[in-house]
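Supplied in structure tokens, the structure appears directly below.
Every chain is named by a letter (A, B and C) in the order it is written, and numbering of its residues begins at 1.
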Amino acid sequence: MKSRHLRLLQRTYVVLIFCVMYLPILVLAVFSFNESKSRTVFTGFTLDWYRSLFTNRMILSALALSLVVALVSAVVATVVGTMATVGISAMGRKSQLLINNISYMPVVNPEIITGVSLMLLFVFLQNCASRFEALPDAFFGLPTLLIAHITFNLPYVIFNVSPKLRQMDSRIYEAALDLGCTPRQAFFKVVLPELTPAILSAFLICLTYSIDDFIISYFNCGTLQTLPIAIYSMTRKKVSPEINALSTIIFLVILAIILISNALDSRRYKREQSLGKAGERR
Amino acid sequence: MRRTLRPWACAAAVLALGLTAAPGAQAADKIQVNEDISVSGDYDWKRFEGQGITLNVYNWGLYISDGSEDSVDVISAFEDLTGIKVNYTTFDSNESLYAKIKSGGVSYDVIIPSDYMIGRMIEEGMLAPLDYANIPNVSGIGQEYLGWPFDADNTYSVPYMWGTTGLIYNTTMVQEAPDSWADMWDVQYTGNVLMFNNSRDAYAVAAKKLGMSLNPSSVEEVDRVIEELKAQKSVVQAYVMDEIFDKMEGGEAALAPYYAGDAITMIQDNPDLAFVFPKEGVNFFVDSLCIPANCKNKEAAEMFLNYMCEPDVGFANCEFIGYSTPIQEVWERLDDDLKYSEIAYPSDEVLDKAEAFTTLSAEVNSALDTAWSDMKSYDEGGSGWMVLVFLILALAISVFNIWRRVRRKLRNEY
Amino acid sequence: MIKSKAAASPYLVWMVIFIVAPLLIVAYYAFTDASGSFTLANIMAIGRYSSVFARSLLLAAEATAICLVLAFPVGYFLSRLRASKQHIMLMLVMLPMWMNFLLRTYAWMSLLENNGIINTVLGFFGLGPFRMINTAGAVVLGMVYNYLPYMILPLYTAMTKIDDSIIEAAQDLGASTLGTFTRVLLPLSGPGIATGITMVFVPSVSTFIISRMLGGGANLLIGDLIELQFLGNSYNFNMGSAMSLVLMVIVLLCMSFTSSFDEQEMEGVM
């Protein structure tokens, strides 16, 4: 009897927490359909804000920039990071520890410090370059944005892929060599496929971090605007419900991605289970 | 105010007129860009078409007719007209504009700072001299708006808009209409007062309240006025800039100082609001179009300046943002509401008491910057002792950690 | 196994230039004045801003404590669910996290305003209006809301490793509910708690948007102060770097607290 009460209490509590977590998002979504600009009184249904959002050049170009930066930085970070993981694994324990500790810096440091320190570096490089006219004038902008994003993405790749590499059975690789593969072939045909799931998930993490990042971009964007920076500048002006419409769309896109990946996951999980209960192994 | 200005203005106007090309074009040879905007036909707008040029324009938020709320989109009209792409971004105070450009690396092509900041940027060599051969439309600008002391012969700047500050209040939330800056210190409005979130404007409010000049000449003067701002802190709900629009229109606060042109927009949206020029006097400002020294497409930027001085464009901007225009023809075309608005075009009585910002000496400027962050971080409760508590806490945590480690070591040994 | 250290060389170069060098530059700026000569004045001047540092630490500590208290039962509840349900619930926890935090914070603005939704609803019941926006409480709320998932997830991860049988054993051996909680559950979820505390405290103490949007600019935090030096009103790189350095020390202190727990745990939770 007592435990049933307890369970009910628990359940109500968790539901309550979820309510609080989703309430603001729900409010945003509801008021994206509001006819007037009021943020508190719902006066009537309209889709106008969505329409004006899709003709808002500032938002669209910011979105395009965000996607470009996210894709390029995620690809570069994944490639360089995966190579680094392989290289680091060949090193001695002491240098591994040192490199890992340094790599932790962007993860552990507050974002504002990463942002500010990179900005100082870029300013410094710019000043050096202006003496030799080595760098183009518009150094701040896409180049700095990409460098910054790659920098904070790299550690996530390394920390995602290296455990997988450590777990891998090294005898597979040796077997491949024994069977006549060159080291290069062995890497691409045997090791890489093993690592693919980890690399892919690292890539996705990079992509989402990069699209979501505001603080680091804020200090290093030059004259450009990524989507979060555009959102920031929108919240500082007379606010239009376009921003609600934007949030709703973003939320739905994320929901869709998560549901799809979830469905794929569970299908794979079921298949693995039917193939000799492999899924049960931790 | 305007009258005191004329001596310089005449000299400058002669100079400016000397540089300008033919007088305003006839309606017949205008190029029509869209139904709202036609530009003069004797200017070669197309010379950069197809060259893939992008202009980086950096402006105050809500300071151009951008196509929202059924207004005219003057930027896309410029792109259609010239084939030049515009990357338009916004800032929220002169100081953040300065920091962004000063930090280096960022290269904007057109910026719109206010008077005192233009003076400072000129002193520091951050602006490029303009070639008026490319900006013939400057002839349309009224002479009294040219030749300000910050840029006496308009070598670096073309006036965009002018205006004054003032006090906006919500008539339903005040007992009697405020008429003085001192009302912003009134404890009956505790939690209902908004304040400028930039040093010069906030300083000006406090200085005027004290009957002092809004241009401090010494560090002591700065300290005196900043003390006044610290005293105000317990009354202030929030330090904001363009957020004032939403907050005042939504009835979130009773009093807010802001720019007169924005007050017009706010009153249009919420008739409960009203505007007053406080009796101590206000700040008179001129915001001007400038080109930074490291601009890469100067001629295209000058074309943008010229475009902004087109009567149609000026009219669209003026109607949308409500600020006061320096272009005579634009003023003539305005609706009577705006044209004879006491807020946008205040009486000589108000203007006589108005004071413009001047560029401060480097010493006073840095004192003001520091005092401003002091003021912002000032805490009435004086939580300095909290630091001590945290130090002790940090120490306790590290001792605890060491103790744990020792204990673990001991345990491992046995 | 694969012996090619060379593969890491692009990353090592990158690491040195874009991770190590920037931090060195921060240190350089912190200890020099505008003309580039060595000075301790910047570090000394930070004493003037002690109230900001105190406020940041206090608000971040409050937010972290609240997060811990709120998240603990949630983590426990999730960890006791069936595996398939766990998956869905985890998704639900993470979903708001993928929304940009600016939008999430912005949503709270319209909820908390004087004429906002909460006050309107309360008004129907004849309550209020309460002043919520632009207070320190609103800032803490913003932090809790934004970083709660960062507390739930590590707690959950730690608690899934606690076997039901251990708890049952404790109860069978006569431990009270409280005893089971303090002597079994709490110690065993220690690594999760430590990770959660860092993951909430570090972003909270360094945030500069939440305080601006919900605190009205009067509740200045360290992050705001740093931003003010670099892209804002004060424009003083040297001062800003000194502040960043101090912030870094605070964070490292906080990390040293966490790292005394098992490193392996950290990796699993990241």
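Simple rule for what comes next: a residue touches a chain if its C-beta (ideal position, glycine included) is under 8 Å from a C-beta of that chain, and two chains touch if they have at least 3 such contacts.
Because the structure is predicted, anything quoted here is derived from the model rather than measured.
*Asks:* Let me check something: if the centre of a chain is the mean of its CA atoms, which chain is farthest from subunit C?
*Replies:* Max centre-to-centre separation from subunit C belongs to B.
*Asks:* Using the stated contact rule, I'd like to know whether B-C or A-C comes out ahead in C-beta pair count.
*Replies:* Spelling it out, more C-beta pairs touch across A-C than across the other pair.
*Asks:* Roughly how many whole angstrom separate the Cα centroids of subunit B and subunit C?
*Replies:* Averaging C-alpha atoms per chain gives centres 35 Å apart.
*Asks:* Using CA atom averages as chain centres, what separation in Å is found between subunit A and subunit C?
*Replies:* From the centre of subunit A to the centre of subunit C is 18 Å.
*Asks:* Check each residue of subunit C and list the ones that touch at least two other chains.
*Replies:* Where subunit C meets two or more other chains at a single residue, that happens at 113, 115, 230-231, 237.
*Asks:* Please output the residue numbers of subunit A that touch at least 2 other chains, ranges allowed.
*Replies:* 39-40, 119, 239
*Asks:* Residues of subunit B touching 2+ other chains?
*Replies:* 103, 250
*Asks:* Which subunit C residues qualify as touching subunit B in the complex?
*Replies:* 48-55, 57-58, 113-115, 131, 133-134, 216-218, 220, 224-225, 228-237, 253, 256-257, 260
*Asks:* Along subunit A, where are the residues that touch subunit B in the complex?
*Replies:* Those residues of subunit A that touch subunit B are 39-40, 52, 57-58, 61, 119, 122-123, 126-127, 137-140, 144, 222-225, 233, 236-240.
*Asks:* Give every residue of subunit B touching subunit A within the complex, in rising order.
*Replies:* Residues in contact with subunit A: 56, 58, 61-62, 68, 76, 87-90, 92, 103-108, 241-243, 245-246, 249-250, 294, 296.
*Asks:* Help me check something: in the complex, which residues belonging to subunit C touch subunit A?
*Replies:* So the residues of subunit C touching subunit A come out as 1-12, 14-15, 17-23, 25-26, 29, 70, 73-74, 77-78, 87, 91-96, 98-104, 106-111, 113, 115-117, 120, 145, 148, 202-203, 205-206, 208-209, 213, 223, 226-227, 230-231, 237, 240-241, 244, 247-248, 251, 255, 267, 270.
*Asks:* Residue numbers of subunit A touching subunit C in their complex, please.
*Replies:* 10-11, 13-14, 17-18, 20-25, 27-28, 31, 39-41, 80-81, 83-91, 99, 102-103, 105-114, 116-121, 124, 147, 150-151, 154, 158-159, 163, 168, 170, 173-174, 183, 187, 191, 208, 212, 214-215, 218-219, 227-228, 231-232, 235, 239, 243, 246-247, 250-251, 254-255, 258, 262, 266
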